[in-house]
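Order as written gives the chain letters A, B, C and D; numbering starts at 1 within each chain.
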Amino acid sequence: MAVNFKNDYNTIADKRILEALVKYSGEKNIGYGEDIHSKELNDMVNNILGKDVDTYVLAGGTITNVIGLNQMLRAPYEAVMAVKSAHINVHETGALESTGHKVIYLDNIGGKVDIRKIEATYKMYADNHMVLPKALYISNATELGETYTLSELKEIYNITRRLKLYLFIDGARLPEALVSGGYTLKDIAGYCDMFYLGGTKLGLPFGEMLVIINDELKRNFKYMLKNRLGLFAKGFVGAIMFKEFLKDDYYLELARREKEMADMLREGLDRYVCYRNETNQVFLKVKTNKLKALNELVLFEVWEDLGEDSVIRLVTSYATTKDEVLECLEAFKYLGM
Amino acid sequence: MAVNFKNDYNTIADKRILEALVKYSGEKNIGYGEDIHSKELNDMVNNILGKDVDTYVLAGGTITNVIGLNQMLRAPYEAVMAVKSAHINVHETGALESTGHKVIYLDNIGGKVDIRKIEATYKMYADNHMVLPKALYISNATELGETYTLSELKEIYNITRRLKLYLFIDGARLPEALVSGGYTLKDIAGYCDMFYLGGTKLGLPFGEMLVIINDELKRNFKYMLKNRLGLFAKGFVGAIMFKEFLKDDYYLELARREKEMADMLREGLDRYVCYRNETNQVFLKVKTNKLKALNELVLFEVWEDLGEDSVIRLVTSYATTKDEVLECLEAFKYLGM
Amino acid sequence: MAVNFKNDYNTIADKRILEALVKYSGEKNIGYGEDIHSKELNDMVNNILGKDVDTYVLAGGTITNVIGLNQMLRAPYEAVMAVKSAHINVHETGALESTGHKVIYLDNIGGKVDIRKIEATYKMYADNHMVLPKALYISNATELGETYTLSELKEIYNITRRLKLYLFIDGARLPEALVSGGYTLKDIAGYCDMFYLGGTKLGLPFGEMLVIINDELKRNFKYMLKNRLGLFAKGFVGAIMFKEFLKDDYYLELARREKEMADMLREGLDRYVCYRNETNQVFLKVKTNKLKALNELVLFEVWEDLGEDSVIRLVTSYATTKDEVLECLEAFKYLGM
Amino acid sequence: MAVNFKNDYNTIADKRILEALVKYSGEKNIGYGEDIHSKELNDMVNNILGKDVDTYVLAGGTITNVIGLNQMLRAPYEAVMAVKSAHINVHETGALESTGHKVIYLDNIGGKVDIRKIEATYKMYADNHMVLPKALYISNATELGETYTLSELKEIYNITRRLKLYLFIDGARLPEALVSGGYTLKDIAGYCDMFYLGGTKLGLPFGEMLVIINDELKRNFKYMLKNRLGLFAKGFVGAIMFKEFLKDDYYLELARREKEMADMLREGLDRYVCYRNETNQVFLKVKTNKLKALNELVLFEVWEDLGEDSVIRLVTSYATTKDEVLECLEAFKYLGM
């Protein structure tokens, strides 16, 4: 059977996470996030970040993006700025627009926002015949696996302060960004109004932990969460998983494992690599006529069809083994690619 | 510590469900519900119901109600009819309205719809200055724990055929209704356009299985699911759990256990029982001045404050033990209630 | 041909209004409400009310209700309270819900809100599983033609201050309420956060003037107006009409004319009158089997079918003449009703 | 005072239109578009187009775009395709998105859609993680005053048939397009599913006439119109105006007058002209440092700031006189531009 590098959400969960669930399976708790585990998770995060934040566990990336941004965008004429390739723009089936808000396109450099252009774009929205920019959305890591440097994050943050924009960081792959970017969760929390820490793509059966830093955005969030379909009856399930995830920086250990496997792939397939990055997504340019044969041996996604060539994406997960990587490298060799 | 009868979603999950997750935890799957387990679940349900339906696992009751009804109500002027006490009316923080649709209030008898009044209410909506009724929503079991009889379901179904309304059955506690109503999932599937089978309140960490029966409603549902924030990346997690839930009618076994414990409570506390039903919710009328003392021994919800008296709700779950029931009965005795 | 008492929006416009349009028809103005007439109208209203308000002319009642309330209800979980018979509830095709907000039903006395019940209903909405009441909507005159007394308005206003609710007054028939209630526009402005003065039902081809009193609600209203489809390119058209309407209290003169004709009808048809009020809507209880014959002579609306009897509504407008009233009274006599 | 070329909606109305209103001002009619004039207008348009269409008069361009497209886009995941500079994209304050739908950007050539790219863009939207394209929106004349040729319209129409997209033509300046494009309303009606004929920018105080050609889109439109805030109580006002507008092709006479004045401007200012077109919008590239002085003599809009140069827009209206054009030409000469 083909070795699976299609994505980083292809196995149920890491062993330690499931064991935590089994451990607490008999315990009775209060519903809707009013339980002790949700409280402990919030305390734990406060400690890590060195500030009082609010934490909530949601089901996945899209719902976290939309509900988080809904808390920032209140009037229907308020809009969020994001690069064209942003997940909220392309791969969420118009979910944000369906809650009534427009996405304004920002210029990009790869998957990152072009920082020098933010203000100019903002200023084009000058009167009541156009939407009012109210938030800036970035992903870290980006859709192309790149990581913002800490100084880039600071610069973006400062721009948003000046323009009175909220800053939202989509962290579906934030653990991966931390590992390759060389900074911490606490750093992230210093340079945005809201972010989330992705679990679905790193060993959880589901779950992203939304962290609200800006006090203005904390108010009535549970109303929003219920209204926008994100409130779990058994809130303690997500809380127990994230406590285990954060304990002794276990999530960073998982992310490091992903990166190690991706680095091994990149090293072995160096001459194919395009869209360079240092996280768990490996983009390769290969001959289009080899795709079919390759796909018998390795599962991947076709990212872009360039005619004779194609860009494909290989993704490692916390569950990827060295043997799988070697099998993949072997496949390339075998096919004479 | 007080014995917990506050609700039926206070423990993580039944042992067999967690074991199924552990069993498949290393397996690699395709994402977004395109996996083999989701396929097998759908096949399994087709077999049970004796017809070709579409099945989807969603996170909880509110999101299933809203997305299901959104598939029925397309134009913004289309509305759903429901009793005033319906969950979508009262306890979903206006989620349905936030997707743009009005709820029309139907007359009720207890928590059930007053069947004789449906058509008259429908006919009041006669021109384009009023919303257009397009769907009828009922819960089975109801918010007050009552179960519709099969002949009531048939009658309601026939009315909706005549009035060209879609019929949606909220089945957050459908297993409980099946056990006390003496009919089957297949019966339910014969008398509605869409229903769901609740897992959250019966041994799953999360999850309701939506079943789409009417072909008109199947089209593009996955677009709706993603757009309305309900699509899980790891769709196989829910599918694996529901396969186990349905296997050998295990869900009915769990529901029977709930009912048995509730019956035991009802028997022991017969003279307090109000809002009579045969499912896992026990409504009791007690002296308001005893609530505080009772609450030290038993966790429950205050349903209604009637002044001198109060209606409280005790709920049994799959995890409720005989000892817990006895402890509760003891508490009533001890307090001289 | 039958004499027309079907409604108060059956003729294009009063002569003075049209003459004002003709007078300014050659003048060139700035678009989108930035013109001098819009400015003058606002100044004029500031003078009348003795405070700094913002004024906007919108096309009709429904759009003014929805946009005005949208300015009050920002988060999707925020709701407005209103009596069941409120125009926003019944006769706006779910327009408010389509912008994402629920209407909470208040108890009523006739078409008025039951003032004693407001607070109790408000308090039922106590947690994040239910919507959050944020505004109270009343109509003056009501749907049944009743007028709130000034002391009732004060009392309602005080309740809303205590509960931190915005108060919105639908004034589609406010001129009629002023004439029969014995108070002034300035009084109204003292006891609410926003109201509008209806023109469509009193001599304008279209147009309601929304008055924003509460400073919190003024911010970015023009964004809302454009976003919610209410901004006219030729804003000066509505402004010119309303300047004429307000000049020398001309609108009150028109409203008095309506009331005079309605009083004449009520006097002549006293024994049929039900739902008593003193404005321009006359509700009559008549034999259902006479409706057809009556309709050949008089145009009216059937308000309610009570079986043997029916309630019908006759409405006078600024254009109703004494001869028309006499013709109507004659019709009743002729039919031996 | 400066001569006004700022836009084509700066005067109340053409004389013949106002005279029609005065003529019928005493007549009593049925409300909400059920009157005889609305019927006659629809018959008149059926005659002109040689087919059975539905006609509705709405208040302005934005509301007509949004409600028309809402009739095409039913599910929240359905999107409309349009060029980036489209009015619905840029100058409607996110109104369409606020009704829940995304706008997909199409490549453009000037203000027109790049016809060769439509299908490729359509095909990028291939699965349920992306929105589903359901309609194509074009403006004729475009935002830059260009006119589609009849063969271009045919080609676009054929593409939409093949891709099963509805085709919507924004006709805020359709009369101008007809005059410069050399085709007729009937031609337009042959190559789209819905279009509108703009009145606001051509002699009406307000009003765009929406024409629904495709039978699928006719159903329940009045519900949509009311729900989306577009239904006038006095529907006969708009109908009377549009009957006069269409009578003896009066609207074309008005449009020709606009074009004649614009041609005169273009001829006199030929060396400044950029974004060439043949309708009533004249785009000129001038020195930025002359703008202030020019603005004292001529009112215009700054379209784009290019640094040393600026693009300005001069617009003629039905009310523009030769003297005004001469005054404008004089101003350029006087300023030595």
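FYI, a residue touches a chain if its C-beta (ideal position, glycine included) is under 8 Å from a C-beta of that chain, and two chains touch if they have at least 3 such contacts.
Since we're looking at a predicted model, the values are computed, not measured.
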What chains, if any, are shared contacts of chain C and chain D? A, B
The larger set of C-beta contacts, choosing between B-D and A-B, lies at A-B
Expressed in whole Å, how far the mean CA point of chain A lies from that of chain D is 42
Cα centroid separation between chain A and chain B, in whole Å? 33
Per the C-alpha means, the centres of chain B and chain D lie apart by a whole-Å value of 50
Going by the touch rule set out above, which residues of chain B reach two or more other chains? 76-77, 92-94, 98-100, 128-129, 131, 223, 226-228
If you connect every pair of chains that touch, what shape comes out? Choose line, ring, star, complete or other. complete
Per the touch rule, the chain A residues reaching chain B in their complex are 4, 6-7, 9-13, 15, 18, 21-22, 24-31, 59-63, 66-67, 92-95, 98-99, 200-201, 205-206, 223, 226-234, 236-237, 240, 319
Residues on chain C engaged by chain A in the complex (per definition of touch): 32, 70, 74-77, 99-100, 128-129, 131-132, 220, 222-228
Note: in the complex, chain C contacts chain B through residues 76-77, 79, 90-94, 97-102, 105, 128-131
